[in-house]
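Consider the two complexes below, in which subunit A is the common component and subunit B and subunit C are the respective partners.
Take a look at the complex of A and B:
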């Protein structure tokens, strides 16, 4: 299996441990990922707030690059990229005039896009292409004793529920179980983490993150698993501020790919776990057990 | 003492505004809003909003342009799409919020010194110029432009990111910046009015 790979800005910046863990884990499973040459920012939510048509043009350049690269499908691990690329595909499909503008802009760059590059999330590929049986075969250190709160965040299932249920997604739950961990019941699995509000307006933004951290602890979890770089940043980076405002809710938040790597026998360092603010002694101990 | 009038007069409306918003692709269903309030109920940020999402829908449809474009509500929307998937009338509320944000920025009437629109504009500028966004620099610029004291409050986080190798000291950028610039220039050069359903005409209600 070979896919085009769109990392997005976060996976090269503050969310680099996502890429550091995802690439070796997928390699171990025989999934090849070829990075798009000279990809650009997807536009994210902020760009759409300024100019939606230009946001579509930005995203379309990446879709056109993927089409030129020639692999059948494009992988986008960041939830915002995943949503924006898919949303752009919808706009291109639904609106002839958006298609017209985008087509003209692409022409200026000697690019074209026919509309036929599916954008998929790595979790989708893991469950529906690789299969959990293949994942299980590679588990050398089952995550015994690890109680995981599966946190999907918002944009992976909303507004388009492409590969999982909109209200009660379970793909991440099943992956964690395949790795030997136990899943706690977590009704807030798709609640908003606050997004970029944590940086702009601490009170509303951090409250969103605080609620999720507190609930995970209340449900008996000792780690939160996520699949979005912004969720990871919000739930991991603001503990001192949250503690000062409310109370300490210390629980690590890691990417699903990092849990996979640990279960496959890769080291914490290889999985980029040293880059996180809240370290996980419990995970290390239980993984070795 | 400054006493704002809390009840709006019909004369405060900007005729045609609602129709204009509803003509944008994705915003059409606003017409069929039944004011049930589901959007306000599921919104995780509505407890901080000056107008609830339900009220923003009603105000927009009834041409209260100035009220919605100056509201905090549109900027507090974190785009989690909870309202959009719950709406019994299939109104794409999140996309309507985006449409209102674009208009507020275009008209320059968003709440000044409010960091969220500033972040959106800085993000736009950086993505435009570099082709990519370096998140830690984006945050730094936003703080310097809105509230530099808040930037001081972030030093610990910044230091933590540096220590953990998550801070980028240089701007990330694409190689073919000129190509991207040409593409954006093409969009600018296209007559906006020719794009009947791609782009709202911004002049009608000024």
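Take a look at the complex of A and C:
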């Protein structure tokens, strides 16, 4: 299994630990990832809000690069990238005029895109290509005693629910269970984390983050598992402000790939956990260790 | 009759159909063109051929001009072939010396170039003139009808249809797969908008059905197989074992008291699991027939063979319990079948954000029907699963209706039954009741007035589709409650409304096995899976198979008044059919020239109507004329060319093709 890989800006910046954990974990599972050469910003939600057609042009360049690289499918681990690339594919498919503008722009850069590169999320690949049985085989330190609130964020299921249920996704739940952790019932699993509001309109933005943290604790979780760099950033990075405004809701938020790495026997450092503000709870010593 | 065998003398008529045809086809030019063709004695254009004077014209011309073939170019034969065959017959000719050309649906309605459309009309007319020369006189055969009717499904639709037919003196078989008739209506507490008690109006009808001399009632039975054709259907009925001899059981219920299980502990289907029953049980007090049954899944004796059989002791001399019962089959002959198999309530778990199955105090509307019912599991006391009385209740409309993600259709009854439940819940609990609706749909007699009454009673109506039902609290008041999050589209903001109880107004869906039943009775389904009526306006209870009729929610969601009206209509259609005593069969059937048939059997599996049999003695195929629908499949497939079809023999078809091709 070999995929083209589009990291996006987060995985090289604030979400470095996502890449640091994802690459070795996928390697251990025999999934090869080749990073696109000279990729550019996906445009995120910001550019889509300003000019949808130009945003499509920008995202399409990455799709064209993936097509040129030649692997059948493209992996996009960041939820924003995953959504923007898929949204662009929908626009290109549905609208001849968008296709026209994008085609011309790509031509200027000696590129072309035929529409045939599926954009996949690593979680989708884990569940539907690798399979949880393969994952289970590699577990050395089951995540015993870890009570995980599975938190998917909004972009992975809205508006396109491509590989999971729109209102009650369960792929992350199943993955955590395969790693030996227990899942707490978390009805806020697709609720907004505050998104970019934490930077622009902190009051409502932080409130969103606060609600998620508070409810995860109230439901007995000791860690939140996520798959979106912005969610991780918001839920991990503002505890001082949240504590000042409301009350302390101290609970770490980590990537699913980090949990996988720990279960596979890799160290916290290798998984980039030292980069987070809130510390992971110590894992129960497993029989193997 | 003599002139029918002589040289063809053809009369041709082209109809204007007002401007429907004449607007796009130059009718006089068509008439003039045809008048010059060989064998054409007379060619006319006329404004409305289907009118009385139009038909009169054909009859007069046959007499005056000694015509022996008639061709009319007008609309689709589906509409008026019968009309013109009738006129031809009244003029003294065999009706099959008539041929029809469709220049409306096939020509004027679908083209925009008048000249080309006129040319097309001429070429089609040319083909018909060629063909009609080879027509032969045919006889319409009459086949007698079995005067009995089968009604499938014993809900209010089936009950009403069966009673109507039985009261008209007809023999009726009523087959119901549950242990009792009554259907969904038997579970309801009150009915909207009059609030009369559902049981009080239904159960007398149920016992009438049970006692009617003209009705054979088979519950716990299913119609498995249908063979035959209109007027002469043979249906196989499967009777599931209830381990009770129906004729011997008097409904004393002593066996239930005597059961080794002292307390009821198994899922009670009739009460939607809100109550419990024993392995030997009667579904509900007014069940018809008043006969118990034993559930083999839970009965200790049937499961393990080890039981004191205290029930048998209690039954004593009546000896109604028979653990050795096996399923049995009956075969019946009927002339018509009314399918009234009802609906399935939408599975609320398909919308996970409403929390049914996750939060114990989220209920479906059917569960609430049982909860407010005096004969229900709580004796009519509305309590939450922990026994407390709810102080606030939210009713969510359109659960599994008007939703692109689940079912797109409006289920028609939910607005009204939600309001009925709102009224009853308020009456029983004095709770604050919220009703969350998208649009309030009250199109029925007294329905809008009922809505007005509810507004006066102080039910809080919130317009907006509910986003989610959740248990995370935002404020102190919300703690321990279910929070309904909804955009109030009249107030223009998102609200969070904490309540103790949530009621989901689940929509109506086709039965899970609707596709199987559709195949069994040779019907069609619409895209949403309900059985398809022959015409949405003018044949609402007929199907595309003659003699198979529809009633109730299996055809689409409807309330009780509409269901009863439709059941009456279906019964009337069945009466029309069987009271005639016979059916006329179109003679355009296929037949085998035995001397040419090689007995290869290749036609037999191809026949969609199973009309072809193989005679082992003569080693030849035989076509049952009564079953043949004249589709022509066997004719085209026969390797030796030994099958021929009336009205579509080689001469007729090839001359018609020649007629189109030879047109200049």
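Definition applied: the second predicted complex is superposed on the first by the 280 of 289 C-alpha atoms of A that agree within 3 Å, B and C clash if a C-alpha of one lies under 4 Å from a C-alpha of the other, contacts with A are read in each partner's own complex, and residues count from 1 in each chain.
Throughout what follows, a contact is a pair of C-beta atoms (placed from the backbone, for glycine too) under 8 Å apart; a residue touches a chain by one contact, two chains touch by 3 or more.
Note that this is a predicted model, so its numbers are computed, not measured.
In the superposition on chain A, contact of A:165 is made with subunit C only, not with subunit B. Of the two partner chains placed by superposition, only subunit B is touched by A:203; subunit C is not.
Once the two complexes are laid over each other on the shared chain, residue contacts for A:108 go to subunit B alone; subunit C is not touched.
In the superposition on chain A, A:187 makes contact with subunit C only, not with subunit B.
Within the superposed three-chain model, A:14 lies in touch with subunit B and out of touch with subunit C [touch as defined at top]. Once the two complexes are overlaid on the shared chain, A:279 sits clear of subunit B and of subunit C alike.
When the shared chain is aligned, subunit C comes close enough to touch A:215, but subunit B does not.
In the superposition on chain A, contact of A:32 is made with neither subunit B nor subunit C.
Ranked by how many residues of subunit A each touches, subunit B and subunit C are led by B. The residues of subunit A shared by its contacts with subunit B and with subunit C are 166. Note for the complex: subunit B touches subunit A at residues 25, 44-45, 48, 76, 78-82, 84-85, 92, 94, 98-99, 101-102, 105, 115-117, 119-121, 123-124, 127, 131-136, 139, 142, 156-157, 160-161, 164-168, 172, 174-176, 179-180, 182-187, 190, 195-199. The touching residues of subunit C, counted against subunit A in their complex, run 351-353, 355, 358, 405, 468, 470-472, 474. Every residue of subunit A that touches subunit B in the complex is listed here, in rising order: 9-10, 12-17, 38-41, 43-54, 57-58, 61, 91, 94-98, 100-101, 104-109, 154-155, 158-159, 166, 191-192, 194-197, 199-201, 203-205, 208, 237-238, 240, 274-277. The residues of subunit A lying in touch with subunit C in their complex are 165-168, 185, 187-188, 211, 215, 218.
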